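Dropping the structures in below, format is structure tokens.
Two complexes are shown next, each including chain A; its partner changes from chain B in the first to chain C in the second.
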Partner chain A sequence: MTITKTQRDILGSSALRPDGISKVQGDFAFSSDLHAENMLWGATLRSPHPYARIVSIDVSGAWKIAGVECVITAEDVPGQLTYGLISEDQPVFARDVVRYMGEPVAAVAADHPETCRRALAAIQVVYEVLTPLTNPEHAIDASHEPIHPDGNIIRRQRIMHGDPTATAPIVVEGTYDIGMQDQAFLGTESALAIPDHDGAGVEVFVATQWLHEDRKQMAKCLGMPEEKVRLVLGGVGGAFGAREDISLQVHTALLAMRTSRPVKMQYGREESFFGHVHRHPAQIWMRHHANTDGRIVKIEARFVFDGGAYSSTSSAVLINGVTHTQGPYQCPNAVVDGYAVRTNNPPCGAMRGFGVVQACFAHEGQMDKLAAATGIDEVEIRLRNIIHTGDTMITGQVLESVAPLERCIRETAAMPLPAEMGSHPHELDLPGGSGRTADRRNIVRGIGWGVSMKNLMYSEGFDDYSTARCTLTNGSVELKFATSEVGQGFVTLAPQIARSVLGVDNVTYDTIDTQIGSAGSTSASRQTWMSGGAVDGACRMVRERLFEHVGAVHNIDPLRLAIDDTDIIDTVGTLRISVQEASANFSVSETYEYHHRKTEDLDENGQGNCHVAFAFVAHRAVVDVDVELGLVKVVQIATAQDVGRVLNPMSVTGQIEGGIAQGLGLAVMEEIIVTNGIVRNPSFTDYLLPTALDAPQVVISMIEVPDPQAPMGAKGVGEAPCISVTPAIVAAIRNATGKSIDRCPVRPQDICF
Partner chain B sequence: MSELEHYSLTVNGVERQVSDAWIGESLLYVLRERLGLPGSKGACEQGECGSCTVFVDNAAVCSCLVMAATAVGTQIATVEGLNDDGSLTDVQEAFITEGAVQCGFCTPGLVMAVHHLLDHNDSPNEQEIKEALSGNICRCTGYGRIFAAVDTVISVRKGVSS
Partner chain C sequence: MPIFIPSSLTEATQLLSKNPDAHLLTGGTDMMVEVNFNHRHPDTVIALRNIPEFQRWNIDTASGLVHIGSSVPYATMEHGDLAKALPALAEAARTVGSPQIRAAGSIGGNLGTCSPAGDSLPVLAALDAVVHLQSESSRRSVSFAEFMVGPKRNSRLPNEIITGVSIPITNGWQGYAKVGVRNAMVISVASVCLAIHDNKVRVALGSLGPTIIRCTESENWINSIGLANIDHSLAKEFADHVRAESRPIDDHRSTAEYRRHAVGVLAARLLLRGVQK
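Then we have the complex of A and B:
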């Protein structure tokens, strides 16, 4: 079969993925599919203890195994011994002490994965086991010795806004616990490192979210200039934040440099659970003061994010959390205290929603408590408090983004509810699904709400620019960018932009690598805005040059020219010439660097214009709960999302449906269980993910109000879907059961007992 | 390693020699690393995610759970063998046109699972579709576009315009 197209793949169309054919045929080269002649396999030895002193490491046993070509430890790191995204506090290999279960201690390279496994087993490490710090409160109260030279508090941030003594007749409070979620991308960490023939450099094919940041950190640890470390994006099997930090990059490159042979490393699923950071577990206390009409007067809050052993992005996650205390609601007075702390639990960092997921779970629980205390309907109480463009937030920052929040809520509320469960439902439609024993008579339906706002792009003064190049030659365009394609579809969007701006149809993109300036990270809902802005800018520059060329040829002022479909037209004359014809024997290339507006650090009272922009969304969840077995079936999610402008409807639908599934996971099943620093469920058997049987009906409305601050008017859509869906589902469970459940995921025992 | 084996496997109708292989290698490893067929993906290595789905004697199995040497004498079919001429099957086409592909890591396994379902049941109902695909985890899509792709194939096969 062949796919026939009936319309141009410009902005606003559901253009198909350019990598779709190779992906459905199994030809697409994920980083784990790469091979090189004479290649070795690499593997990592990890600590079995959450906290221990390394007494000795004896690697001689590994060297004796036939097929082993290299064994490295901390002693073999040629450059900086530590790395990190914000603070360089994480060792490439543990040297004196291990601070979390799974911390790398050594690595080997050998001829076969099985040889690697045997070599790792032959390395003798003597540990003196220490008492781990696993309770985040003990990091705050200083009752445990510092487990790292940088101390046990990664960051503390207060917000003081308005009148701290303000109060109001209605006061509700709650303490909310959010579990540790895993990104669980399907394509585990993998890289192929190929040393240069002269031994002075290395090329690394790696699945990552940010090539240039990886290169910067790698070059420091390898003790090499950045230009000697060339990164190429290996095919990425999902990311969701878990590829923002370094994992195997330095290890793989170092093994390749030491052996002068290509080395491939690929984590198995269990190792992947230890090899990347997770969503921070958090405990959040909030107290809302409101008038009897439901309007919020003051919010008090305390946040504790457990950052685990190393800081990763914890300080930025904390800022996202505390600055979203109010959620998408007006709040004139606030007193907030927040901590991100270091423990001997698994390191935590970026995951889709980045601190706002945790804050939202708390503020939406509070809105329902407020509704109950005031007797106001849960939709009405939200509508009464919603924030508008021009309102001042608790950071003192004025909300400048388009904020069609009322439409989000009202359109969600207007969506039809699903049919009631019949008296003899199919067993697969019951909570728990096949093989469970849910009884129709014990099933109760509930409805719940969640509404959220999420910052877009990086904050606190960080200039996370993006770079793109557009080359027009004989009517064809080639784009170049370093934007990580992790599945989200930037490789679909970028050619759409070029077709719309330049009136061409044949658009390709070059290899995604470090041979152009940084694109920043594929995170924070930022690539449509940032790299989209860069591609748009580069294409516009090329268009100006093309108009100058056509103007010169036809003796017309270039300012009179415009693109009309695939033609260039004289807007005040008769000239009409196809772009194809106009660009014959013409070649031009332009590079554009897009920067968003500047932001500021927060001061000691949490005041400052720290965020760039915001997006809004509403979710309504309908659940069926077996109140005896504690099982939950999410029946329907209705959502209306502020997207600015829809650039590719099918891609946006995919982001919304996919984000909802991840938020559903956090609501009812996904949690890394850690007891005393030990991870109990590092596998897909024990860490449960939503399957096809868990997928609810999803009803979507995309709210299009183009944001004048956004290139093309479009807001990032990746994170909003997974934020307020979690509290909506948990609210629906509360609604069904009448239980006060203030934690997620909701477990059977939370419902039954 | 000393304990190396030689055997042959029939993959996509072609007999392939496997030489100097460790006996413990899974069918997934042999397909990917020895026979140059990386279309089957490894994501969990314990039969939970379905990314490595292949057919062994027309049964859909997780190739990570099959010891390669035990598949001697069977007919093995992988995603690479769905269409000999490089064109797309109806399932593959629907996955592209309905937006069922994002990162694509689960896609080959899901394509195999959908073929297996529809080759045995030309008009599955919603529950049958969900149950048949519940062994294939997708982390990107939330499954909505995958269901849409399955519905499209069913309609096209029945001659109904989608």
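Then we have the complex of A and C:
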């Protein structure tokens, strides 16, 4: 696509990121770059075992080391001993038992990271190793003792919709396995905590997705009032869901409070793999019943999400999974059973796509099986089944969102395929890349499809509102919000909104911190809609006040005034005055709280209006496969995505290309390998992320049908790109090889044996 | 922690004699990772990058040997005259890490670390390279087979420094291929170097056993048949011979079964490339 630079950085322009140049040049201060006078370093002692009883902890050795200022364990937690986003079941420090490899047991503060390392080594923990629960089915069949007082089943949710006895002549079924993906952000967890001089409060600079939720959980565990815990967003080097749960926040603040000195904690790459939750590995069984014309009559499904040791957001991930069983297709009858279970595997929680990635991998595999069973083409079978605005979903909820799904599929199908491989392709373009494993004759090309719908915002009755303040002074605007900028570009978008609404050019934003109401989390594709809605609302309120002011000065009814570029005009008269001039010696500030429409909990049969809105996308993948070696090169991804309205074309392009790379990772290489609860590959040497040589050509069409429910008409675009691209790539591998592959990531041995 | 940066080989060997526990540093692409991960805690470091002869390489057509100094980085081997003289080494060098790693990592470091997954090592094994070692008082040269004795173990004595390698120039085709689960910047799951000299095939395998494996049985079998007779079906048989000589293990990077399968595929493909079929 071509990016057209308009003169003003208003909505619809490819305004540049305000932090872009400093990030590229290395000047941007990420949270790991923060420093304070007299600062100590913090470090965490972690369990080497997935499941063990703690017999004793002797920290005396650590205290004897010169430079060690503080050693803390569960005994030192002043407030609540556990925390969690939905259920507070995770200890700040393990006390009696450790439930996953890497669980924090103690923390130290010292004058130097090396002193910290020695101090951790000097702490003696005696463990009685227990047999870990690592098979999720054993959590369900109760063949293993409860590993947590809350039991081994985090949540079970059924969906019963329509006629459960309905049948149809075509029946296809499959069992799909999705591996444990990591968010693998590049900026590891880090925080700097600075205690107040009076010892009554603490200021914490941290890379997070949701400042206010962090503060709430921290205050409880620290035993402090929330207003005494002030959070400031540290520079965030990516998030993708991994910063939704707290990690080092309580530890860092507690060490700072205990030592009355600033304390900084920063995880290394290996520790980071143990320091945050991952994408749930899942096993999903589905059976689709369809008529001979390919139309779906009933879907049966069973989901098992392995939540690992603590619940994190597992119950919400489960709901997203089961409620997306049907995918973007009509389905009159459904019988679904889903479990999120507790095991001694690494805790899992939020990651881009949040339960829908897993469901989509299964339902898209099913659609291809349905195509094969009915002899209907993969594109046609999807078009015959697509869901429309006004259709009832398997939860009984009526789809209200704009749903330009047919356009997504047809525009994707119309995109040109990549050129056929020539007789002498460049060696780096072949599967195997720089390893030069393949010759032209070893390569087979395949094409595959994936289509998905994804809920936007939080579900099940949760009011994840956002707050923003707009202050107009002398023609300049300052915005204030607590929206975590994790790389998604809200700091670019918010000023664009203000420029469009108010006709100003000079827009700045204040420090992102807890000195204003919550913005909710930067997740669930929600910030453009929610915080964008809040900024838009605050700017509109200010505009009203400005019009009142101009109306009074010029004796015009303010309702006649409008913004035209950078001027205020009288729509039925001749007045034209620049906003700059009109707001001279004028100052106004307004705060706006944006709430989305209310949703409901699901009942025991999985019925309820639980979701706010949906976005749609289609992906077509073209892959080259070296069948004999099982190596894959993704050649091209074509995609048409329902975006509502494009507010910043470059930002949307970035989200789409990045999401596709992440979905490609899950398709062919990214997996945390866990054996008996032990993580085998906690490094970027062995947890493989796609490189530039693995990234495909991406062809994009942004489908703009403004959604009347969305502020500014724009849907969130962050998650959709990474959801159906994974099944599309795997389908293309199936197409190339003729093999039935029902797991991702696809490993070489899954192809060649 | 003292870090010595000798500017001559003599000075370096003297320093090592005085500090036999010193860690030798060239590009640092292995060592600094270990230090950063707290797997290694050097008390003394001798950095070898300022020793002029370690930076040098030359192609001696009279003796039929290429000499490569210990600190010559992979980037130098990727292109130009060195790549023309040793195409398999160039192909191996191109698979090492990222451009940044290839600018720093060196053949001496690959030998010093001596990992079975070391990318240049199958080439040295297949080409019958000789490794040069020097201490304060003596110097010796050993064949690669004698040099590598186990996983991350070699026959370098504590007072010796690897000064470089000599690699015979072959008069036939040579090539290298490596399987990793990513198209670049990946540790080898299986790698093969195949070289032809005087119409005889030589094969060495990486990541397929505790050391680099030279497949002498497979070589004898294919050489008894003769290059001129090789076709696709013989290449498949050759693959099985190579598989039989491999000693792969299961680990988190791959399975023994896949490694054994893949190495045969690579060997067969390289053989067909070598005979242009």
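Note that in this section the second predicted complex is superposed on the first by the 746 of 753 C-alpha atoms of A that agree within 3 Å, B and C clash if a C-alpha of one lies under 4 Å from a C-alpha of the other, contacts with A are read in each partner's own complex, and residues count from 1 in each chain.
Note that in this section contacts are C-beta pairs under 8 Å (C-beta built on N, C-alpha and C of every residue); 3 or more make two chains touch, one makes a residue touch a chain.
If you're wondering where the values come from, they're calculated on a predicted model, not measured in any experiment.
Peer 1: Which chain, chain B or chain C, ends up touching more residues of chain A in the combined arrangement?
Peer 2: In the superposed model, B touches more residues of chain A.
Peer 1: Go through the superposed model and pick first if A:Met650 touches only chain B, second if only chain C, both, or neither.
Peer 2: first
Peer 1: In the superposed arrangement, which partner chain does A:Leu428 touch: chain B (first), chain C (second), both, or neither?
Peer 2: A:Leu428 contacts both chain B and chain C.
Peer 1: Figure out whether A:Trp285 sits in contact with chain B (first) or chain C (second), or with both, or with neither.
Peer 2: Neither chain B nor chain C is touched by A:Trp285.
Peer 1: Name the contact category of A:Gly658: first (chain B only), second (chain C only), both, or neither.
Peer 2: In the superposition, A:Gly658 touches chain B alone.
Peer 1: I'd like to know which partner A:Thr437 touches here: chain B for first, chain C for second, both or neither.
Peer 2: It touches chain C, and chain B stays clear.
Peer 1: Quick check on the superposed pair: does A:Arg747 touch chain B, chain C, both, or neither? Answer first, second, both or neither.
Peer 2: In the superposition, A:Arg747 contacts chain C only.
Peer 1: Between chain B (first) and chain C (second), which does A:Thr691 come into contact with in this model arrangement: first, second, both, or neither?
Peer 2: both
Peer 1: Could you tell me if A:Ile21 is touching chain B, chain C, both of them or neither one (first, second, both, neither)?
Peer 2: After superposing on A, A:Ile21 lies in contact with chain B but is clear of chain C.
Peer 1: So which bits of chain A does chain B touch that chain C touches too?
Peer 2: Touching chain B and chain C on chain A: residues 268, 428, 433-434, 685, 690-693.
Peer 1: Mind listing the chain A positions that touch chain B in their complex?
Peer 2: Touching chain B: residues 1-3, 14, 16-17, 19-21, 23-30, 32-33, 66-67, 112-115, 183-188, 235-240, 268-269, 426, 428-429, 433-434, 486-489, 650-651, 653-654, 657-662, 683-685, 689-693, 695, 698 of chain A.
Peer 1: Which of the residues in chain A come into contact with chain C in the complex?
Peer 2: 117, 268, 270, 428, 431-439, 442, 628-631, 633, 668-669, 673, 675, 680-681, 685-686, 688, 690-694, 747-749, 752-753
Peer 1: If you look only at chain C, which of its residues touch chain A in the complex?
Peer 2: Residues of chain C touching chain A: 36-38, 91, 94-95, 175-187, 189, 191, 252-255, 257-258, 261-262, 265-266, 269, 272-273.
Peer 1: Please name which positions on chain B make contact with chain A in the complex.
Peer 2: 1, 22, 24-25, 29, 32, 37-46, 48-49, 51, 78-80, 82, 86-90, 92-93, 95-99, 101-108, 111, 127, 129-131, 133-147
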